[in-house]
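To keep things simple, chains are lettered A, B, C and D as they appear, and every chain counts its residues starting from 1.
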């Protein structure tokens, strides 16, 4: 076993998603965290790095310095995890890709479409990999759902209903000490999308992932319900996909009673599927005219195509961290295969891990939704973005 | 105890909703069914009437004859239930109202907005009552939800998500022997709205009922997914209500795995509510920052304002028929109070039973949705209908 | 249509189960309530009877007088519903049976095994029918469960887990104004069994009904948790049935959070079934090695053998009152067929409606449980009762 | 950060629980796996060890050699995880404890009560720690449940209903290639308890853990339903605890439709609690007379006493592996504190991690259940074991 050497930018004390990435990297024992620029504040970066067991010389404050130095070390990192606020995704990813180091980047891709397009150009012309952590697509039953749609279990798709409600921004939490609330509602750090970029993109991405469809056009109504909030906290959208499929998307951060309620339902002329992130070990399958079936992760009805994504038998719940770990493990496998001489494009083609194209597609969705909402819900063609 | 004398138009052999109305009228023992024009086919009308125990002389084929004769009998009916296809609601209601007989009419009000406006004029100028069976509003926990919103349990409302999926029209059932499918997909009998009129109006009505809000504008996307179907079988709509409240409505009859999935969620700045018709004895209440509570019909957290709407203690499930019966009982009470000398307007003001205005509002919603969809989702102002 | 003429003993003002029986008798329009001894207090009996629309001369105080007079009227009742406390079941049933009038009696059969054995003798030697309202067996999906077991869907049965928790006697409610609590915890009116007789027998009966098995022996532990309570409020029992099947039964009236939680699970070597009274429109079926299926009343997977027990399509919840109505309708059919000349035994053989034998079996169960508990859980053979 | 050095005995290729322990040890980054006797077959042990990244010289075949050598290395292991079949727990634990190395042992403690008593003596007289992985007690909401009971949220406890059904031994899987089935149904490797020792002890342990009570006596009925099976596959038991509390326990491995259905309900005179392992992020709390509340892990109603046991916000499901990781982390903390000079007994007193006493208590439960079943359900006093 050769663990990959992992670095991290962002994710210092008090961050949420950095810790998630670190656990995800450990679960399947594919990575050693060896370097980090965990904070742009020197003292905090050092304290955070030491707490994580990093050697002092590999604790950085400046991500550019980190990219440069790690690129030249014989034991330099293979891959960097970017877990900063959105506006830093672009410069950090650029620095590491250009230094020849693969990137695992949190979503959304960037804080502007311009950055996204530029990053796409850079990634396409770089040797190293670029992966995006749309982690919900790596839940084993989300994978199975995709496979069932692909093999025709639902027949011709017709309707997709996806939603992602939360309630943690029901009040103006950004005016408290809540750092998560602060940057996620701040256009200078999040970009022009609030709830839309934070969780709406996850919902959109999951719909595309499971259905295998591309969006054609969207009609949307964005709202900031909380007084003084600068970014949307509720997203209403109607969608038109390839093949005449239609859908709705609702995401909200002002819906009391909802913690992390990502839920998707797909309906075709032969059946329906339903999956909820908060109950991730069950997938409801309704073949037309037959009783609804409860398919369980690693249980009855579970498919071999998703077998490698679970670690325990049915009834031993796996959750968010294991789903996230699936992405890390797939990233590790891609990098290992590349090290063993396979072509990058061949590797990516056979993989379901989200990449730069997934990220760019998400950014176009964000732009289209914002544009439609600004134009009072007029349908916006995604190709015109 | 003085039971009211009930007549029925429609609802002969093989009908669905007629039998429901009859059971609903019996549950609380407020009515005796004594007359009917159960079918426009003489033989079938007689056979159906005898099976229901009607006296032969009060079994009619022609509803106009029935209205005329019953109006002149000393023991004539107090009220008629209209359970025909939509296009007959108007002429039948008109005939009985003009004969001085109260009407309990199935929804939607009529098959065209013109008929609806005319019927509104007639009803407003008639002595007898006009009631509309938007039965879902009479479930005890739907009533409690309305009351909780009214008294501020959710704070200022912000978002309403309502949906009503079914699956029974996933295939072209109208080309089989299914009579329900035949008339409900036939514009000459249903009017211009398919799924929209059949169940979308129920969803819309429930949203207005519980929230206490009026719709201001709607943006919609109607689809007929089944080849050759003349009316919509899937409704996607975004809504804007009074007070800045926004919402989404999805109704579908092509969603495999859904039997009768009416479900509503309302969110305000202090809490959220969720109710599902298929699990009607539970209401989920999520006060902001506190655990979600499971309120049960006639159980803990149940409110005195809805007490008269239940017949058994908590844990003894009451369902669709009991909810429907609540409307019949309230209609009976209205009529009895009128007989005892109260003013019609006073009676109606104090009652939550849907009436002619509810019906007209539903017809305007139908018209607005169709217009918006024809205009590619442009927002349509309900006041301009 | 010829409705049967129904009388009622018990069920006056403030009673619970009397009103349930009356609604159940009306739902399918098979009965007219025409006589009653609704209370043993004259004034209350009259007031209750008038409120129900009875003619004054058919409102009785003395059930014996009622039996005698109704038996001689040309328009006398066909059947009497007995909805008194347990200790009155025997004398009332005896009086009506001996007067030639059929009986629909609430459970448990009597308040002592002696009474039960004597009533069995009387019923077996009488012309009229004796029916017992173990109403939970008449839910359509309980019927389907029985049928699935019978036809082998579960293979050879092995384990039955049945439970019936409530919480309404968690405190000493019998010392408040709660009349239900008063008589149900009073040995002179309930007999020697508290929770055991009130709901434990329902659970036991349902287990026997669905499994088609007979109990062989029981080991039990009865408790009265509330200080000063004279009858058990919690029942723990292990059971051994025919064919080596084993089971557990828990019923309790001191289990906070439970309203009316009757629930049964059966497991065989080919599959499992689960049904919950509070969610009665769904039946979970788990064929071994396949995904669990959600069978719905009148929906997918619903069987023709139970079709006559429902009134609405799937997704329109039917509940407790409809299940109860099924028993009344089946009682009506039995009586009608008898009137039409069929033999009583032939009629009963083809019917699943609980009868005198069901009642006696329940009384033996009660006696065996009490005896076992008195003997510190020693297994008691039901045949030795 | 100083990770502890971990060894493992058992858990080679094809094992289930070994992999679980390894993931659990990594999640919170407290351990490095550095040595192992993963199989008693040399070749398999080496292959397994190399696959896990162990250095060759620290891959052992003989656990005694491993204990001896690791005890003398300056970089020797701090703790060993024992993940063998039951009959090896005793000799392996003995070897390591006597070599001065702490032990994390899977349950049940041993395969005989004699071994358990002897191991208790050894552990009590050893310096190093002995921990037992009754992992279900380390779910954050199981901890919260215990805390709520302790602080009186349920009032005086009365009834405990615990169950643990599975279905994977419904057929005679031990006669297939299923190695798990083979040893778990083999008395020479599992000891005298089948389902009882495998999962019944978990259920029993959880009941004691959450309630804080000790068992006084048990009455049981063990069955082996599958032809030719030598150990029980179904456990029915009635229990009497301290303070007059009564309970039932059902565990089964022949219950189709159940994957890993551990579920517990506790009822007191002021409220009830329910928790299900397969839905571990929700805890239902029913204060008497108030609506049931849905408490969520790290969400509303979650208590500070369990905060350190979760890694993500509410709505991001954590599951079986995270619960298991909690035990590993608590073991690590105990060992670190001991290294820092605290007294072993002081450390254990403040910890909820299961230890040798928990294990012995479980073995006494097993013995008592078997004895009671052999004596046809006679109540067996746990103190007489």
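Convention: contacts are C-beta pairs under 8 Å (C-beta built on N, C-alpha and C of every residue); 3 or more make two chains touch, one makes a residue touch a chain.
Chain-to-protein mapping (UniProt): A, B, C, D = Gfo/Idh/MocA family oxidoreductase.
Because the structure is a prediction, the values reported are computed rather than measured.
Undergrad: Please tell me whether B-D or B-C has the greater number of C-beta pairs in contact.
TA: Spelling it out, more C-beta pairs touch across B-C than across the other pair.
Undergrad: Select the chain at the greatest separation from chain C, using centres from the mean of Cα atoms.
TA: A
Undergrad: When the C-alpha atoms of chain B and chain C are each averaged to a single point, how far apart are the two points in Å?
TA: 35
Undergrad: Taking each chain's centre as the mean position of its Cα atoms, how many Å separate chain B from chain D?
TA: 56
Undergrad: Chain D: which residues touch two or more other chains?
TA: 258, 292, 296, 299
Undergrad: Hey, which residues of chain B end up touching chain C in the complex?
TA: Listed in rising order, the residues of chain B that touch chain C are 1, 3, 16, 19-20, 22-23, 26-29, 50-53, 166, 168, 258-261, 277-281, 296, 299, 311-322.
Undergrad: Could you pull out which chain C residues touch chain D in their complex?
TA: For this pair, the touching residues of chain C are 154, 158-159, 161, 163, 167, 170-171, 219, 221, 223, 225, 234, 236, 238, 240, 244, 246-248, 250, 252, 254-258, 265, 267-272, 274, 284, 286-288, 292, 376-379.
Undergrad: If you look only at chain A, which of its residues touch chain C in the complex?
TA: Those in contact with chain C are residues 285, 289-296, 299-301.
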